[in-house]
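So, here's a batch of structures to check.
Two complexes come next, and they have one chain in common, chain A, joined by chain B in the first and chain C in the second.
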Partner chain A sequence: MTTTSIERNEAGAPLISVRDLSVSYDVARTGKRLTAIEGVDLDVHEGEFITVLGPSGCGKTTFMNVVAGLVKPTTGTVLVGGSPVTGPGPDRAVVFQDYALLPWRTVFDNVKFGLEMQKELKGAGWRERVQEAIELVGLAGFEQSYPRELSGGMQQRVGLARAVVAEPRILLMDEPLGAVDALTREVMRDEIEKLMAATGKTVLFITHSIEEAILLGDRIVVFKSHPGAIKEIIETGLERPRSERSIQHDPRFLELRDHLWDALQGEATAAAVSK
Partner chain B sequence: MSAFLAAGPNLGRGGIGAWLAGLSPAGKAGVLAIEVVVMLVVWQLVVGVFGWINPVFLPPPTAIAQGFVELVAGGTLWPNMLISAQAWLIGFAIAAVIAIPVGLLMGSSLPMDRVVGPIAWTIYATPTIAYQPLAKAWFGFGIGPVIFLVAVSALFPILLNVAAGMRTTNASIIRAGKVYGASRTQLYRSVYLPSTVPFLFAGLRQAVVLATIGMVVAELAGSASGMGALIIKAANTYQTDQAFAAIAIVVAWSVGMTQVVTLVERWAAPWTRKGRR
Partner chain C sequence: MTVTSATGTMRIVRPRRVIRRSEAKWTWLLVGVIAAILLIWEAAVSWLQLIPASFLPPPSAIAVSFGKLLVDPEFWGAFGYSLGNVAIGLVIAVVVGVTVGLAVGWSPVLRFTVAPFLWLLYSTPKVALAPLFILGLGLGSESKIALVFLLAVFPIILNTMEGAVTVSTSLVNAGRVYGVNGVALGWKIIVPATLPYSLSGIQRGAALGFTGEVLGEFLGGTGGLGHMLEYAAYQFQMDDAIAMVIVMVIIANLTLLLISTLRRRLAPWYDDRKIAGAS
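And then the complex of A and B:
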């Protein structure tokens, strides 16, 4: 890595520390025990943007759910800020693939949801914070709209605003652009890159898009399936700020893309055969 | 016919379907009004003008209107209507008051669901009319059996819909609630309950129709008053025009109350307003 900020961060204790993490559960229908992920080790430093890349069913979402506190580890430990994860907490926010907005709430009320649940609506200034977040994601003027009145891309902007308004230390994004149309996806990739560069948040970004993983990540964690485990971790080493257009012809981008293609092709074929 | 089928279902994508889908509320009401008028005119022609059907069995619309006037003039309409409305409203209120909390409990607790569910479905599956003689025995000949049958008829669609709404709360939204720190109580208040609301109103709409059936069934046999009694008395004396007038009023009540439920839903749950259809 060339940027000094990353080097400085790497000197301190990692913000997320995962050691020998495994998750398995019994499948009631077949009576078999299924191992979702096995032996995962990962350190994430403050301010790092980690993309987690892998084929469908490789356990990358399970991995994220453990960090989010929604799934308990079967073995191993997950530390966030030095203390073990026992459940969801205000230091972590999640952006969901299917947006997971509350359909009965307007954009404004959806964005304030996190603050409301954490009882932060008492103090002054929360309205301004909500409004700021809405403007940050480019939804000014849609405060009183209901989610079903918005396009998929706009709904995900609401999901993004809801996550950043609570000012978490870590943003967990579970294929946030997976359900968005192709054109909007490209625009929003650039926006997420800008937004995260501006806020300096630590991000764990799950994706199955190679381009997305390279464009956004400082490091790419490649998952393999059956059982889900880390195959390799790659530093992208691309200059920031980046954009969809600026990296298209970068030799490093092309090199990474070819490498990841080869890595994933084997995985995708293996996954297809084992199904 | 085959060409019609080949075009697939017409749900507003083209032709007359698209035209209908694009109508304003006033335009939609206009189309409905035209439909009603055409139906009444055809009915009047078939029975009243050409005399293809004996008007004693199926009186023409003008005769039914005449029957309505007779009912009003004879002073029998208002008291019977009031009795029926009273029984309906009391029975419906009882049903809602019992069904909503029990439905919520059933939807949020699997043991409750396993215990109450089979009982609820069994009673729901039984034709209301089967309870009619029993209701007479239990509650006598007044308004009691009518209230009972209205309540029994309205209870289960509300209860089962509320339970289903609670049970089918979107798992992804529940996860979002947990991630953003909702406590158990907050999760119920801010996630489960609101997502049950559209189901509640769907249940209430079904309940309106079934409650009205329950009311008429209870009043038809052996009741001295109410709209059902009015219908049976008129029919027994071959005053079919009056019987049809009374039936029309019951139908209007049922449709009207369904509309009331829909209006309350629009006010209480504006997010459920569907796209234009």
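And then the complex of A and C:
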């Protein structure tokens, strides 16, 4: 198994550069200090699709939240486009696991939320942009529906449209298909694969599904828990475009799956024991 | 239930009418039960004379009193007086309640220092303070408005607080990710997310406020429906007194209906069933 270094042999500065990142909290209830992640180093280049794989509680969401600017690093630095992250910014959009749609807004207004705090909204043609994003995720005809009238899969499509409408450079997805039913999940994996291949966005995709990590990722960042840290980084090396169906019997897919399975099995057991 | 729209896409339509139709059956059953009770009551008092009519007047006598009330200008004066006081007290309670509720719900410092007192005051039987209010503010409208306010404000504060506390972290995070900060965060995320809770508190507050108004007039007032009721009761005009009580029941229920309609209009996204547990 080839495990690549944190730096990819590619020309130009990385779009996201994480160095020696640690996050720890004081837990009020026990008075102890909890280390969520420790010593994380990672470089992500423009247009790369990175999947972050790990058992629950390994700090992968914390890692994404730091890149999103929602959580401050305790030590270390995160650079995006060369400048340090001090908070959320229009260059990064997030797709949340629980969708996080505003229930009082229609689909159209939820997608509009993705660009209404930016100057783009003041420019002409914002309606067309919102409409385009809605059509991109296949929700044409549902513009005036409220989130609660939609299925989980459809709600996450709204979340996706809201994230891409302002055309951020980086998409951060926190287990976006975690709460979606199994069948819809498979369809949406393929759709995300196509969508991202078409737009060429840089993506950080958090998941605990091995298949998902392989299908979508150019590189897979495997996290270990207690404390959360990077265990290894694997280049998938699978041809694009990929689909759930096309990779099923690819020997490389099977090899990766077995390897990741072993890696996670050990982690999951360790996590269970330490609890 | 789904229908195909002109563009051929599936739209989701709420099956509200279907529910209404099955409810209609129960409505008729209820009407039947009420009719039966009224019939037995009428029979027991007017025909069998089991109970003296001066003690419990028959429904027919109450209906006559009710009809007389509706054409009595004195009644409409009292009606306007009472409802005016309730409205003023309620408006103040809504403004104060929503503001305090949002502030306490949103600020952890206030939540730990002020909230315990709010719960303490909420559970205090404020009705016991009514004579004090009348003593302090007189027999006029002021003491009644104060009572309406005092009874209505706590459910509004506590419900709003509960709503503000339970705003999901991921909604706040979504706001921050898409550039919403500071005051805008409150206005675009916290307030709309809390609105259904506030409206539910306002509904409870309105019912309690109306009770406060009637109670205040009863204990010491110069006008209003409660005052009229007290007068009728002390004159042993039981048919008038019961007709007045019916008027109050109708007013209270119309107020509740008005507010729940308002809630559906202002917060159509919110599922009523979800808020049923929140008080």
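What we mean here is this: the second predicted complex is superposed on the first by the 265 of 275 C-alpha atoms of A that agree within 3 Å, B and C clash if a C-alpha of one lies under 4 Å from a C-alpha of the other, contacts with A are read in each partner's own complex, and residues count from 1 in each chain.
Heads up, the rule we're going with is that a residue touches a chain if its C-beta (ideal position, glycine included) is under 8 Å from a C-beta of that chain, and two chains touch if they have at least 3 such contacts.
Small disclaimer: the values here were computed from a predicted structure and weren't measured.
J.: What does the overlay on chain A give for chain B and chain C, a clash or a fit?
T.: clash
J.: On the A-aligned overlay, A:Trp104 touches which partner chain: chain B = first, chain C = second, or both, or neither?
T.: both
J.: Given the touch rule stated above, what does A:Leu150 touch, chain B (first), chain C (second), both, or neither?
T.: Second partner only.
J.: Kindly classify A:Met117 by the partners it touches after superposition: chain B alone (first), chain C alone (second), both, or neither?
T.: Both partners, chain B and chain C.
J.: Per the contact definition in the header, classify A:Ala229: touching chain B only (first), chain C only (second), both, or neither.
T.: Once the two structures are laid over each other on A, A:Ala229 reaches no partner at all.
J.: Going by the touch definition up top, name the partner, chain B or chain C, that contacts more of chain A.
T.: Answer, by number of touched residues of chain A: C.
J.: Does chain B (first) or chain C (second) touch A:Ala140, or do both, or does neither?
T.: It touches chain C, and chain B stays clear.
J.: Which chain A residues are contacted by chain C in one complex and by chain B in the other?
T.: 68-70, 87-88, 90, 92-94, 96, 98, 100-105, 113-114, 116-118, 146, 148, 162, 166
J.: Contact residues on chain C for chain A in the complex?
T.: Residue positions touching the partner: 5, 7, 9-12, 14, 168, 170-171, 173-174, 176-180, 184, 189, 192-193, 195, 267-271.
J.: In their shared complex, at which residues does chain A touch chain C?
T.: Going by the criterion above, the answer is residues 65, 68-70, 87-88, 90, 92-94, 96-98, 100-105, 113-118, 140-142, 145-150, 162, 166.
J.: Which residues of chain A touch chain B once you look at their complex with the stated criterion?
T.: My answer: residues 68-70, 87-90, 92-94, 96, 98, 100-105, 113-114, 116-118, 146, 148, 162, 166.
J.: Which bits of chain B are touching chain A when the two form their complex?
T.: The contact residues of chain B facing chain A are 170, 172-173, 175-183, 186, 190-191, 194-195, 197, 269-271.
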